[in-house]
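Quick one: structure below, then a few questions.
Per-chain residue numbering starts at 1, and chain names A, B, C, D and E are given in the order in which the chains are listed.
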Amino acid sequence: METLVYIALFSPFVGSLFAGLLFGNSPRKMFTGWVASALIFVTFVSSVTLAYHVATVGAIHVQMMDWISAGDLSIPFGFVIDQISVTMMVVVSLVSTIVHIYATGYMDHDKSYNRFFAYLSAFVFAMMILIMSDNFAGLFIGWEGVGVCSWLLVGFWYHKADRPFEENPSISPSWAANEAFIMNRVADLGMLVGIFLIYWNIGSLQYDVVFDAMPHLADGILVSIAIALFIGAMGKSAQFPLHTWLTDAMEGPTPVSALIHAATMVTAGVFLVIRANPLYSLEAVHGVSMFIASLGTFVAFYAATMALIARDIKRIVALSTLSQLGYMFAAAGLGAYWIALFHLAAHAFFKALLFLGAGNVMHAMDDELDIFKMGGLKNAMRGSYIYMGIASFALAGLPIMAGFYSKDAIIETAFNEGTYIIWGMLVITAGMTAFYSFRQVFFSFHGEKRYEALGFHPHDMYKYVLIAMAPLAALAISFGWFMGYYKDFIYGLNETVQYEMSHTTHHWAWLLGSIVIALALTGIFLAWKKYAGEGENAWKRDEKFEASFIYKLLENQYYVPKFYDQFIVQPYTIASAKFWEFDKKTVDGTVDDLGKACLNIGDTSRGMQNGNLSSYLNWMGVGAMIIVIIAVISSVIG
Amino acid sequence: MYETIAFYTFAISTTILFLITVMSKNVLYAMTALASGMVMISGFFFLLGADFLGVVQLIVYVGAVMALYGFAMMFFDATRDIKEKHQNPALVFLLGGLMALMFVVIFSAPIIGDNVQALYPIVEGVGNAQAVGMVLFTKYLVPFEVAALMLLVAMIAGIILAGKKMDYSLTTSEAADEEINVEEKLQADIEREKGEA
Amino acid sequence: MLEPVNISLESLNLVTLMPMLIAIGGGLLILCIDLFKDNIHKSFYVALTVLILLIDLMVTMGLNFGVEEKGFFQVLLIDGIAVLSQAIILVASMLFIPLALTSKRFHEYSYPEFFALFMFMIAGFQFMVSSDNLILIFIGLETASLSLYTLIAMHNRSNSFEAAVKYFTMGALAAGFFTMGSAILYGVSGSLELNQIATAISDRLNEPGIMILLLGGAGLLLTAFAFKLSLFPFHTWAPDVYEGASAPLAGYMSVVPKVAAFVVSMRIFEMFINLQIEWVQSMIIFLSVITMTLANLMALVQKDVKRMLAYSSISHAGFVMVAIALATDKSNTGVFLYYTLFMFTNLGAFTMLWVSRHKDRVHHERFDHPYEKFSGMIKIMPMGAVIMALFMLSLAGVPPFSIFWGKIYLMSATVDAGYLWLAVVMGLNSAIAAYYYLKLIVYMFLKEPTDAVKEEIVYYNVSKPLMVVLGFAVFVTVFSIFMVNPLIDYISTMLQASSFGI
Amino acid sequence: MDTILSILIFFPAIAGFVGFGITKGSAKIYGIAVATIELILALLLWMQFDTSNAGMQFTEKVALIADFGISYNVGVDGISLFIVVMAALITLLGIILLRPDTKNMKNMIISLLFLEMTMVGVFLTLDAIIFYLFWELSLVPMLYIVGAWGGKDRVYAAVKFFLYTFAGSLVMLVGLLAMAYLYHQANGVWSFSILDWYTLPLTEDQQFWLFLAFFAGFAIKVPMFPFHTWLPWAHGQAPTIGSVILAAVLLKMGTYGFVRFSLPILPDASVTFIPLIMALSLIMVIYTAMIAFAQKDMKQVIAYSSVSHMGIIMLGVFAMNAEGLGGSVFLMLSHGIVSGALFMLVGVIYERTGTKLMSEFGGLAAVMPIYATVFGLMLMASVGLPLTIGFVGEFLVLLGFYKISAIGTILAGSTIIIGSVYMLALFKKSFFGPVRHEKNLALKDLDKRELTALIPLVLIVVWLGVYPKPILGPIDNSAKHILTQMEAKAINPATKETIILSKKEAE
Amino acid sequence: MLEIGVNHYLILSGILFSIGFMGVLRRKNLLMLFFATEVMLNAVNIAFAAIGNYYGDLSGQMFAFFVIAVAASEVAVGLGLLIVLYKKYGSLDLDVISSMKG
C-alpha cells in the first residue's frame, strides 16, 4: 500500500515534469495533455484503492524522509492516508482527471498547451501534498505549492495587458494572479504563526502528536492556535475579507477555475479546519468555532447577493463557490465536520461540472463572458445545456441531487445547534442560490438568441470532452445517495468528527427540507419568469434598477475591491514612494551630509592656510596664547 | 638702591627701544632702536654679574649681528618707510598685551626655590670670564662644539643661498634638461658684466 | 682661583659622541673633497653619504649597552630611545638620500654642500635625541633646523624659498617659545638637565604658586614642540613647506624631524605626566585630537597629492602624539613602531611622487602632483598604479600594510590606558582619512587617463636607484606583518634601557 | 590535508598574483580554472569535514606577532564551512557569467581572485586581527570592481561603500582591541584568538560597550537600518559580478560576525540588545521591502530586497535558540544563492538591452521563456516558497524568533507578504503583459554561458529546498555548540533563561 | 617694589618677550620681523641671566651664550634666505610672498 501512496502522490509530479521539462518550451504537443491526464488517472485509481484500504483495513502512515531538522524541530516528509485525506484525494484526483481531459480539448488552440499541463499537474501534485501530509509543515508546503500553481495558472495568459479597473474589475490575468498570491500570503502568515505556536507549545508538528497534546494546553494558547490556523484557512478558502481574489482569479483559463477555484484548492481552508477537528471541537475554542460558522454563513449570504446581479458567467459561478464555501465553513464551525467534508466533495463535483459547462459556453462564444450577450444557446449546445442544468439543480439543492443532501444537512445542522440566525440566513441563501444559478442558465441557454446579433457562431465542445464530463454529472446527481455510507466510513476516524442530529431536529427534518426546497423552487421560478422568456416576454435591461443603489453596491462587490485599492494598495504605493524618498533624502542624505559637512569644514578651515606667513604667525601666536592662558587659568583654579 | 635705579632705567629704556623696534615704520629706526636696546640689555647682564655675557652681547649682537643687518638693509634698499598692511592690528595688540599679562602673572609666582642647589655655582672671588670659561670648556664643551658646527652650517647656508649659482635653477623648467653648464654660464655672465663696465 | 680640572678620558665616555662625530666628520670630508676636486658626479656623494651613514648606524647600534650611558659631563645621554631614534633617523636618511639619483638633474644635488649639510643636519638630530640637557637639545635642534631650511631652499624654485622662509620664521618664533619655556623650568629647578629638573620639580610640587610656573613653562615648551610636530594650530607651515620642498625632502621631513621631536617631547612631557601633572596630558590629547581631525578634514579638499600627503603627515603626527600623552610603555613603543612603519610607506609614496616629478608643471599651473596627473594610471602604468595604491592603502590603515600595525598598536595602547573614546576618535579619523587616500586610488584606477598622462611624463625621473628604493618600500610595506614582532621586541628592549623603561 | 584551510585561503591570492603574467585573452579561462580548483578544494574540505564534531576543525596556528597575541589561526566549523563553499561556488559561477568582452578582463579576474582570498579568509580565520585584516582587505578589490566596471555613479558608489564600511569597522577594531586588553587583564597574556575570548568572562557593562563597538562594524556590513544606504548605491552601480558577490558573500560577513563574535563572546549583551536588534531588523524587513516596491530599476528592487532579507537573518541570529540560529545561517546561504542568481539574471537582461528599468520591459516571459522560468524560480525562492532553498531558512528563523517575540515575528513574517508584493510586481512589470518595445521581441533567450552559470544555482535551490539536511545538520550542530557556549558563559540568569539549548530542557 | 628681586627681572623679561612676540605677529616686512625675533631671544637671555644670578648658578649664563650663538646663526641663514627671496620676488613683504595656500 505504501507504494500506492507514493504512486498517488508522485504521478502528477511525473506528469508535470514530463510536460514541463521535456516539452515546456516546445510547440504544442497534444500527447503531453494525454500523458498528464493518464498519470492523474493513475492517481485517481490509486486513491480509490487507498480509500478502499482505509475503509477496510485502516489508515496508512508513511514517512519518506527527513526534511528539516534543526534544534528540536524535526519535520519529515510524512504522509497520512486516513478517512479525511483519502476523501479529498479521491475528490481531487477525480475532478483533476476530468479537468485534465477537458483541458486537452479546451486548450487545444493555445500555443502554451504543454506548459499548461505542466502547471496543472504540478497543481495536483501540490494539492496532494497538502492533503496527504502528516504534519503542518507538509501541509504548508502544499498550501504554498497550490498557491504558486494558482498564480501560474491564473496568470497563464500573462500576455494580456492591464485594463482599467472600471472596465474589468480583475484588470488582467497577471494582476489577478498576483492579487491571489499576495492575498493568500496574508493568510499564510496567520497559518505560519499557528505553526509556530504549535511548535513552541507542543514541540512537534505531526498531526497525531499535536492533536494528542492539545487537550492539555492552556485555553489562551488553544484559542490563538485556532485563530491563527483559521486565518490561514480564510485566505485559501477566500473568506471575507480575503475573498476578492477568487472572483478576479477567473481571469485564468476555465479548466483552472473549475479545478482550482471551485473544486480543490479553495476548499483547502475547509480541509484544514476539518483536519484540525480535534482542535476546533475543543470546548476552549468554542468561540472560534462559532465565529467560523458565523463568518461562513455571512460569506454564504454575502456572495449570493453579489451573484444575483453579476453579468460575468464565470464570476457568477465563482461567487456561488464562495457562497458554498461559506456553507462548508458554517458546517465545520458548528462541529459537523463530516457534513462539511461531504458537502465539499459534492460541491466539487457539481461546481466543477458547472464551471466546465460555463467553459463550454465561453469556448463557443469566443471567450465572451457577458451573459447579457448570450441566450438561447440550448439548441446549439445541448450537451452543455444538460450538464449545466444538472449542476445548477445540484447547486440549488433540489431533491435527489447531490446538493440536496449535503446542503440540507448543513442547514439542518444550523437548526440542530440552535443557531437560528445562521439557519435563517442559510435558508435564504439557498433560495438566492437557486435564483442566481438558474438566472445564469436561463440567461445563457434560454430566451432570445442575443448572440446572433453579435455575430457568434456557437458550437458545442468536442464529444469526448462532453463524455469525459459525464462522471461529474453522474456524481452531481447521485453523490448524495451515498451519504449514509460515507457517514459510516468517516466515523471510523475519531470521535470528534462524528456528528449526529438530535432527535428533535430529525423529527422536523422533513419540514426544514421542504422550506428549503420551496424557497429554491421559488427562486428557480422567479429566474424562469424573468429570464427565460422569448419574444414578447424576453428579458430587457431594467435601466432604473441598474441605476439603483443596491445594484451599484452589488455590482461593485460592496465596494470592497475599491476599498482595498483606496485604503491599502494606494496608501501602500504612496507610502513606499515616500519611504523611498525618505531613504534617499533623509537616511542617505544624512550620511552624505555628514560627508559634505566634513568637506565643508575642510574647505572652511583651509581658509587659515591662506599662504600668508603673517597670518600663520598669528595662528601660532593665538595658539600659544590659548595654551598659556589655559595653563594659567587651570593652575589658578586647581 | 643703586641697583634699583639702574634696573628701572634700563628697564624703561629697553622697553621703549624695543617698542620702537617693533612699531617703527622705518627700518633704520627700528634697527637703531634694536641695537640700542641690546646695549641696554647688556647693562642688565652687568647688573646681574654676568660680565662676560654682557661683553659677548655687545660684541656679537651689537657688533656682528647688527652689522649683518646693516649690510642686508643696504642690499634691500630699505631706507624708505615701509608700508605694512595690518589686517587686524587690534588682535596683535591684544595678543601681545595678553601675553605680557600672562607673563606678569606667571612670573609673579615665587620662582626661586630655597632648596634648589646650584649645580655650577659661581665661586666667590673668581672672575666671571674665568668661571664661564671653566664651565664652558668642561660641562658645555659638547654644546659649544655643536654651536661651532651650527655656525659652520649657517656660514655654508649663507654662502650657498646668497651665491650667484642660485640664480640659475636646474630645478625649474627654464633650464630644463639641456645639459647647460652652470659654471660656464656664470663665467659668461661675469664676462658680460665686465664688458659692460 | 679655580681649581684646575682633572678629568680622566674614560669618564668622558668618548664613545657616546662617536655617532655624531662620524656624521660631522662625513660632512667635513665631503666639503674637503669638494675643495680638492670639482665636478664630481652626485652619485659619488650619495654613495659616500650612504656609506658614512651606514658606519654611523653600525656604531650607533653598537652603543646599546642595555643601560643608560652618559658622557661628556652628563651632557650626552645614550639611552635606549636615543639609540633607537638615531637608528631610525639614520635608516631614514640612508633610504631617502639615494633619491638624489634621479635621471634628471636637480639644482640642489649639484652642490656637494648639499650632502655636507645633510650630514650636519643628521648630526644635529642625533644631538637632539641623545641628550637630556636643554641646551644641547636646543643647539642640536637649531643646527638641524638651519640645515633643513637651507636644504629646502636649495631646491631653487620660488616655492622653495617661500617654504624655507615660512619654516624659518615660524621656527624662530618657536625657538623663542622653547627658550622661554626652558627659562621657566630653569627658574623652577635651577637646572637645565631633565632628570634633575624632574627631581627638583617633584620636591617643589607642593609649594604654593609653583603650578602656574610649571604649567606656563610646559605650555611654552608644548608650543615649541607642537610647532616641530606640526600640531594644530602650529601646523600651518607644514603644507606649504611640503609643497615647496622637493619630494624626497618632504618625505624626509615627515619622518626624521618628527621622530627627533617626538623623542624630545617624550623626555620632556612624559616627565610632567609622570609627575602627575595631568594638565599636560589633557592638553596634549586635546591638541592631538583637533590636529588629526582638522588636518584630515583639510586634506579632504586638497587638489595636490603632495599637499594632501602633507596634511596626512600632520594628521599622523597628531595620531602619534596621543601616545606621548598616554606615557605608557606600550604607547612609547607604539611611537617608534608607528614611525618606523610610517617611514617605509612615506618613503614609497614620496618616491612615487619624485619619480613622477616633471620640471614643467604639465597638469596644473601651480601644483606638481595634482590628482589629475594620476588619472587612469592603471591603464598606462599598471605596476606604478598598484604600487602607489599600496602606499595609499597603507597610509589609510588598511591591513596588512605596514601602518595598520602601528595604528592598532597605538590604538591598543590608548584602549589599555582607558581612553576608549579617544581610540574611537582615532578610528573615525582613520576613516575620514581613508577618503583622501582613496581619492588618489579612484583617480588611478577608476578614471580614464587624460591626454597629458603619458608614461614618459609620469615616469619622468625614474632611474634604477629610485626603483630599488621603491621596491624596498613596497616589500616592507606589504610584508611588514613579519617585521612587526621583531620590531616590537627590539623597541621594547630599547625602551627598557632608557628612562622610560618599565 | 591539515593545511587545507591555508591552501583554500591563499591559493586564489597566489593564483591572482600569478595571473599578472597571463595574457588578456586567456584571463577568463584562467579565472575559471582557478575558481574551479578552489571550489574542488572547498568541496574536498566538506568531504573531509567531520559532521559530528560541532567545534573547530582543521585548525592551524602560527604566531605572527607573538608579543601582541596576534597569530595566524584558522579553523572551520559547520557555520563557516558552507559559507566558504558558497563563496567558492559563487565566485566560479560569477566568473563563468562574465561577458567575454568585458574590458580589462585580466584586471577583473585578478581582483576577483584576491577578493576570493579575502572572503574565504574572513570566514575561516579564528584570530580577531586576521579576521579584521581580511575584512578590510575585501573592500579593496570590491572598490575596484564597483568603481571600474560599474555604472554612471560608480565612483561615488564605490567610495561610499568603502568609507562607510571602513568607518564602522574601525570602531569595531577599537572593540577588538578592548577585548584583547580585557583578556590581557584577566590572563596576563595577549591574545586575539576568538577561541580564547570565548572563555573570558566579562561583566555586563563591559559586554554592553563591546557589543556596541562590534555592532558598529557588523551592522554596517549587514547592512542594518539606518546604515544600509550604501548598499543600493553599491548594487545599483556595481557590475553584475560585483553585485553577485556583494550580495552573496560580502553581506554575510556582517551576520557571520554577529554569530562568531557578538553572540558567544558577549552573551549577556546579546540578550540585552535583542529589543534594539529586533526593532532595527523589523524596520529593515518592512521598510526596505516597501522601498523595494517603489523602485523602478530591477536591480534596485533586488538590492533592497537583500536588505529586507538580511533583516530576517538578523532576527534569526538573535533568536537565541538553535532553530533560529541554524535557520539564519542557512538563510545566509540561501540568500547568497538566490540573490546571487537574481543579480546574475538582472545582469543577463542588462547585457542584452543596456537597461534595468522595468518600464522598458514587459512580456519578456514570451520572448525569453527559459530566462523567465529561471527568474520565476529564483523569485519564488526569494519569497520563501516551500521546497525551495528560501523557505527552510526563513521558516526556521521565524519559528525560532517566535520564542523571543510573537509580535516581532508576526511583523517580520509580513516579509512573506510584502516580499511577494515587490517581487511579483517586478515580475509582472517585466515579464508579463504585452511586449512593450518592438526591439525586445528580438531578445535572445539564455545562451550556453549563462545557463552554465545559472543551472547549478537552480539545482541547488531545489535540492536544498527539498533536502536541506546535509547542510542543515552540521549547521545545527555548530549552532547548538555556540548556544551551549553562550549559556555557559552568560553571567546573568535572565540570559541563561533566554537562551534555549533544547526545548525539552526548557520545559 | 624697590628691592629688586628676581621676579622683577623675569617680569621685565616677559614684557620684552611679549613686545618681541607682538612684533613677530605684527610685522609684514621680513627684515623687521627678524628684528622682533631678536628681541624675543634677548628678552629670554635676561631671564636666564637673572635666574642664574639668583641661584648663583652658571647654567643660565651658558644658555644665554648659546642663545646668542643661535641668534647669530639664524641671522646668517635668515639673511641668506631673504636675499634669494628678494631676488625672486623683489620684495620682502609677506603679503607678496603667499603663492602657496589652501
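Note that in this section a contact is a pair of C-beta atoms (placed from the backbone, for glycine too) under 8 Å apart; a residue touches a chain by one contact, two chains touch by 3 or more.
Everything numeric here is computed off the predicted structure, so don't read it as measured data.
In terms of the stated touch criterion, the partners common to chain A and chain B are C, E, listed by label. With chains reduced to the mean position of their C-alpha atoms, the one farthest from chain E is A. Comparing the centres of all chains, each the average of its CA atoms, the largest separation from chain B belongs to A.
Central chain assignment: D. Criterion: smallest distance from chain C-alpha mean to the mean of all protein C-alpha atoms.
Two chain pairs are in question, B-C and C-D; the one with more C-beta pairs in contact is B-C.
With each centre defined as the average position of its C-alpha atoms, the distance from chain B to chain D rounds to 68 Å.
Chain A and chain E have Cα centroids lying 95 Å from one another. Mean C-alpha position of chain A lies 36 Å from that of chain D. Our note on geometry: chain C versus chain E, Cα centroid distance of 26 Å, whole angstroms. In chain E, the residues touching two or more other chains are 6, 10, 13, 17, 20-21, 24-25, 27-28, 34, 51-52, 55, 57, 59, 62, 66, 69-70, 73-74, 77, 80-82, 84, 95, 97-102. Within chain B, the positions touching two or more other chains are listed as 91-92, 95, 99, 102, 105-106, 110-112, 116, 118-119, 131, 139-140, 143, 147, 150, 153-154, 157, 160-161, 166.
Touching of two or more other chains is recorded for residues 135, 139, 142, 146, 149-150, 153, 165, 169, 173, 184, 187, 190-191, 212, 216, 239-240, 301, 432, 435 of chain C. Shown are all chain pairs that touch, namely A-B, A-C, A-D, A-E, B-C, B-E, C-D, C-E.
Of all residues in chain C, only 165-166, 169-170, 173-174, 177, 211-212, 214-216, 218-220, 222-223, 226-227, 232-234, 236-237, 239-240, 279, 283, 294, 296-301, 432, 435 touch chain A in the complex they form.
Residue ranges on chain B touching chain A, taken from their complex, read 87-88, 91-92, 95, 98-99, 102, 105-106.
The touching residues of chain E, when paired with chain C in their complex, are 6, 10, 13, 17, 20-21, 24, 30, 33-34, 37, 40-41, 43-44, 47-48, 51-52, 55, 57, 59-60, 62-63, 66-67, 69-70, 73-74, 77-78, 80-82, 84-85, 88-89, 97-102. If you check the complex, the residues on chain A that touch chain B are 614-615, 618, 621-622, 624-625, 628-629, 632. For chain D in complex with chain A, the residues that touch the partner chain are 160, 163-164, 225-226, 228-230, 233, 287-288, 290-291, 293-295, 321-323, 326-327, 330, 363, 365-366, 369-370, 373, 380, 383, 385-387, 391-392, 395-396, 398-400, 402-403, 406, 409-410, 413-414, 416-417, 420-421, 424-425, 428, 431-435, 466-469, 472-473, 475-476, 479-480, 502-504, 507.
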